[in-house]
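Pasting the structures here.
Note that chain A is present in both complexes that follow, paired respectively with chain B and with chain C.
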Partner chain A sequence: MSVSELKERHAVATETVNNLRDRLKQRRLQLLDTDVAKYSVAQGRSPVKFGATDLVCCRTLQGHTGKVYSLDWTPERNRIVSASQDGRLIVWNALTSQKTHAIKLPCAWVMTCAFSPNGQTVACGGLDSVCSIFSLSSTADKDGTVPVSRMLSGHRGYVSCCQYVPNEDAHLITSSGDQTCVLWDVTTGLKTSVFGGEFQSGHTADVLSVSISGSNPNWFISGSCDTTARLWDTRAASRAVRTFHGHEGDVNTVKFFPDGQRFGTGSDDGTCRLYDIRTGHQLQVYQPQGDGENVPVTSIAFSASGRLLFAGYANNNACYVWDTLLGEIVLDLGELQDSHKNRISCLGMSADGSALCTGSWDSNLKIWAFGGHRRVI
Partner chain B sequence: MELEDSDARGKHRILAELGRVEEEVRFLEKELGELGQTDIVSTVCEELLCLIEKAPDPLLPLTNGPLNLGWDRWFEGPNGGDGCSCFIL
Partner chain C sequence: MASTSGSVGAEVTGETCSSLAKSSLPPPRPKSPPEYPDLYGKRREAARVQMLEREIGYLEAKIKFIEGVQPASRCCKEVSDFVVANSDPLIPAQRKSRRHCRFWKWLCSCVPCLSLASFCCCCQSECSCHLRKPKCCNCTGCNCAGSKCCDGSCCSNICCCPKPSCPSCSCFRGCCCWCPDLSCCIPTCFRSCSRPSCLNKKSSCCSCNCKIRWSSCFKCPKVRLCCCFCNCKNLCSNPYCLAF
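Entry: the complex of A and B
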C-alpha cells in the first residue's frame, strides 16, 4: 500500500474511533438513570452532622521550612513521611509529634514521597525525573544527608507521584510528566513494566497521580493532564483496562475507594468525581456551589467507610469534607480552630482510618481526628 | 538515497500509527458491546449504600462497630508534641 493510501486508511479509522467514542458516551448517558446523591435522598438518607468540636486538629507537625508537597503514612499506623520545597524528607511519629529522620535530598525539587510497606525505606521523586530510595537505618551526616540506596532512573519527565505496591517492599509504581507510569523492581532498580508511552495506548499528557488498589494490588488508577483517569492491570501493560472520562481539566489526584471497587478523582475543573470500576460509570460529581471560578482540587482522601471524602483546594486553606452519599459539603477543616494558614497540597488517611493528615504550603502538617461523642450502632 | 530512507521511515511510522488506531477501533467496539450487558447506575448505588453503611468509621459521629479503642489514641495521655489540649467532656 502506498503512503497516501495508508494515510487515507488512517483518516477513516480515526473517524471511526471518534464515532465510536461518541456512541459510547451516548450509551453511557442512557445508563446513568441516577447518581449516588439522588439515589441516597430517595432512600431517605440525610447528611452526616458534625458538632462544632467533633473533628479537631490534635497535632501540628512543625519542622519543614518550605511548602509541604506530599505525605504518606506507614501501614502500621503512626509514622508519616513528608516532602517539602525545603528539599527535605521528614519522618514523623505522628502520635508523639517527634521527628525521627530529616533527610536532605540530593535534588531539592521533590514532588512526591512514599513509605515502604515494612516502614524501613522511603521513596521520593520530582523534577530530577528519578525516584530515589532511602533506607531509614542509614546514618545521616550532620547535614542530614543520607546516601541514596537505590535510584530508579528511566523516566523522561518529572516524577509526579510514587506509591509502593501494598505488601511488596520490592515494587513501586511511579507516574511521570513523560505520560507514562512505571512499575519498578526496587532491588534491581529496573523497570518491570511501562504503562503508556510512545508505542502503547496510554495517557496523552503528563500523568500526575497514581493509586494502587488495596484489595487487588494488580490494579492501579492513574490521573492525567489529558483529563482522564485510567485503570491498569500490572499483568497487562500494553493498554489501559478502561479509560474514565468526565473531567474537564487536569486530573490532579486519584484515590481508590476503601472497597477497591471504586475510586475518586480531583481535578483542575474544581470537581471531585466517584467512578465505578466494574461498570465504568461515573457515579457522582462533587462540585461546590457558588458563582466563583472553579477552584482546582489538589488532593483527596476517603474515610475508612468511604462515607467522607476529604478534598484540598488551591485557594486559601479550604479542605471540604464531602458526604459522599448525599453529595454535600458537611464541614470545612479550613474553618476550624488551628487550621492551616495556606493551601492544603496533600492529604492522607491513617491505615486504621482514625486520623487524617494534611500537608500545606504553610510548611506544616496537621493531624485531624474525631474528638467528640461517638455513637456506635 | 536519503530521501528513500526517510520515505521508508515515514511509511513505517504511519503503518505503526494505523495499527494503533485500528486496535483502538477494536477495543472501542468491544466496550460498546459490553455496555449492552452493563448494570445501570442505580444498581451500583444500591451496592454502594449498603457497603458504606456497614463499615466502621472512626471519623463519623454515628458508626457501625466494632469500636476500636486505638481510634482515640490521639487524645490519650501526655504526648511529645504541642497543640493537643482538647479533652472530652
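Entry: the complex of A and C
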C-alpha cells in the first residue's frame, strides 16, 4: 500500500473515530437522566448540619520543618506516616501525638508515602523516580537515617503516588510522571505489570494519583494530567477497563467511594466529581459557587458512610466538607478554630472513619474528629 | 567571407575558445539524492492507521456495552441507599431523646459537673447522656490552646497538656514533639530539646549523589514546577522557584 493510500485510510479512520466518539457521548448524555443531588432532593433527604463544635481539631502533629505533601493511616492501631519537603518521613501515634519514627530520606524530594497493611513498612516516592521501602523495625542512626530495605526502580518519571494493595504487604501500585502506573512485587523489587505507556493504551500525560478498591483489590483508579480518570484491572494491564471524561483540568486526586462501586475525583478545574465504575456515568459535580477563578482541588477523602466528601483546595487553608447527596458545602475546616495556616495538601480518613487527618504546607498535620454530642435513645 | 564556424573558429586563438566553452557550461550543482522509498514514513503512517483501527474496535465495543447500561438514576439510588444504610462517626446524629435522658440533661444543667457512683456526665458545654458510663473529665490545670483539656481518661476529647520543661519546643504529654530541627527531638523523648545549634538547614536543590545512572536526576512534576532539574553535575539554577 502506498503512503498516499495510507494517508487516505488514516483520514477515513480519524473521521470514523470522531463519529463513534460523538455517538458514544450522545448515548451517555441520554442515560444521564439525573444526578445524585437532584435525586436526593426529590427523595426529601435532610441536609447535614454541623454545629460550631461538632467537628474539631483534636490533635496538631508538629515536627516537620517543611511542607507536608502526603500522609497515610495504618489500617489499624491509629498510626500515621507523613512525608514532607524537609526530606523526612515521620510516623506518628495519632492518639498520643508522639513520633515513633523520623526517617531521613536519601532523596529529599518526596511526593508520596504509604503504610503497608501490616503497619511494619512504609513506602515513599518522589522526584528520584524510585519507590523506596523502609522497615520500621530497622534501627536508625543518630541522624534518623534508616537503611532502605527495597528500592522499586523502573519508572522513567517521578513517582507521584503509591498505595499498597489492601491486605497484601508484598504488592504496591505506583503512579508516575512517565504516564504509567506499575504494580510491584515488593519482595523481589520487580514490576509485575505496567499500566499504560508507550506500547499500550493508557494515560497520555502524567499520572498523579491512584486509589485501589477496598472491596475488589484487583481494581484501581488512576487520575492524570490528561484530564481523565481510568479504571484498571490488575489482571489485564493492556488497556484501561474504562476511561472517565468530564474534567477540564488535571485530575490531581482520586479516591474510591466506601461502597467500592463509585469513586471521587478532584481536579485543577476546581471541581470534585463522583463517577460510577460499572456504567461510567458521571453522577455528580461538586463545584463551589462564586464568580472567582476555579481553585484547584489538591486532595479528597470520603467519610465512612460516603455522606461527606472532604476536599482540600489550593487557596489558603480551605477544606470544604461536601454533603455528597445534596451537593452542598456544609462546613469549611479552614474556618474552624485551630485550622491550618496554609494550603491543605493531603487528606486521609482513619480506617474506622472516626477521624480525618489533614496535612498542610504549614508543616503541620491535624486530626479532626467529632466533638459534639449525640443524643441517643 | 568565410561563414563556417570552423573557419571563423580557426581564426580564434585556443585560449579564447576555452573561455568561451567554460562560460557556456552551467555552474556545478550537487546531485540530488536518489529517490528511495520513504519506508520510515510509510511504516509510521501504517502504525497510526493500525492504532486508529484498533481504537475504532474499542469504541464500537463501548457503544455496544453502553446499550445495556442502566440510567444514572439507578446509580444515584444505589449511592443514596448506601449512604443512608451506613452509620458515620463524623456526622451529628439527630434522634429523639427519651425521658430519662431529658432527666439527666436537667440534672446536669443544674450542677456544672455531676459525678455519681454509677453515672457521670461530661459537662463542659452541655450535658449529654451516654450509652456507656464515661469517666468524668478533670479539666482544671491544663493550658491547652484551642482544645478541650482533660486528664486523658475522659469520654470526649483527649487533649494535650504541654510540659513546662520544654521551653523551646512544643511538647505534649511530656514528649518533645517539635523542634526546629528534628535531630533535636528524639521521637520518644522525655527531655527538652537541648541543641540550640539545630537550625533549620536548607538543602540545596539537586544535592543528589547520582546513584541513578541517568543524565538527569529529576524531572519537574507538571508544568508548575519550574526548575528542579539537574543532571547531577550542576546545581539547580533556582531551588526556590519551586511551586512544589
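The definition used in the following text is that the second predicted complex is superposed on the first by the 370 of 377 C-alpha atoms of A that agree within 3 Å, B and C clash if a C-alpha of one lies under 4 Å from a C-alpha of the other, contacts with A are read in each partner's own complex, and residues count from 1 in each chain.
One rule holds for everything that comes next: a contact is a pair of C-beta atoms (placed from the backbone, for glycine too) under 8 Å apart; a residue touches a chain by one contact, two chains touch by 3 or more.
Note that the coordinates shown come from a computational prediction; the quantities given were computed from them, not determined experimentally.
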Clash-or-fit label for the pair chain B, chain C on chain A: clash
Contacts of A:D54 with chain B and chain C, given as first, second, both or neither: both
Which superposed partner A:S215 touches (first chain B, second chain C, both, neither): neither
Residue contacts with chain A in the superposition, chain B compared against chain C: C
First, second, both or neither for A:D128, with chain B first and chain C second: second
Touching partner for A:L6 - first (chain B), second (chain C), both, neither: both
Partner chain in contact with A:L24 - chain B first, chain C second, else both or neither: both
Contacts of A:D86 with chain B and chain C, given as first, second, both or neither: second
Chain B versus chain C as contact partner of A:I367, first or second or both or neither: first
Touching partner for A:T65 - first (chain B), second (chain C), both, neither: second
Doubly contacted chain A residues - partners chain C and chain B: 3, 6-7, 9-10, 13-14, 16-17, 20-21, 23-24, 27-28, 31-36, 39-40, 43, 45, 48-51, 53-59, 61-62, 95-98, 201, 239, 258-259, 262, 276, 279-281, 283, 303-308, 324-325, 338, 352-354, 356, 369-377
Residue ranges of chain A in contact with chain C within the complex: 1-3, 6-7, 9-10, 13-14, 16-17, 20-21, 23-24, 27-28, 31-36, 39-40, 43, 45, 48-51, 53-59, 61-65, 85-88, 90, 95-102, 106-109, 111, 127-130, 142-144, 153, 157-158, 160, 177, 201, 206, 208, 225, 239, 250, 257-259, 261-262, 274, 276, 279-281, 283, 303-308, 324-325, 337-338, 352-354, 356, 369-377
Contact set on chain A toward chain B in their complex: 3, 6-7, 9-10, 13-14, 16-17, 20-21, 23-24, 27-28, 31-36, 39-40, 43, 45, 48-51, 53-62, 77, 93, 95-98, 199, 201, 239, 242, 258-259, 262, 276, 278-281, 283, 303-308, 324-325, 338, 352-356, 367, 369-377
Residues of chain C that touch chain A when the two form their complex: 38, 41-42, 45-46, 48-49, 52-56, 58-60, 62-63, 66-67, 69-73, 75-80, 82-84, 86-98, 101, 125-126, 128-131, 145-148, 156-160, 170, 172-173, 175, 177-183, 185, 187-188, 200, 203, 207-209, 211-212, 217-219, 221-222, 228, 244
Touch list for chain B against partner chain A, complex: 7, 10-11, 14-18, 20-25, 27-29, 31-32, 35, 38-42, 44-46, 48-49, 51-65, 67-68, 70-75, 79-84, 86, 88
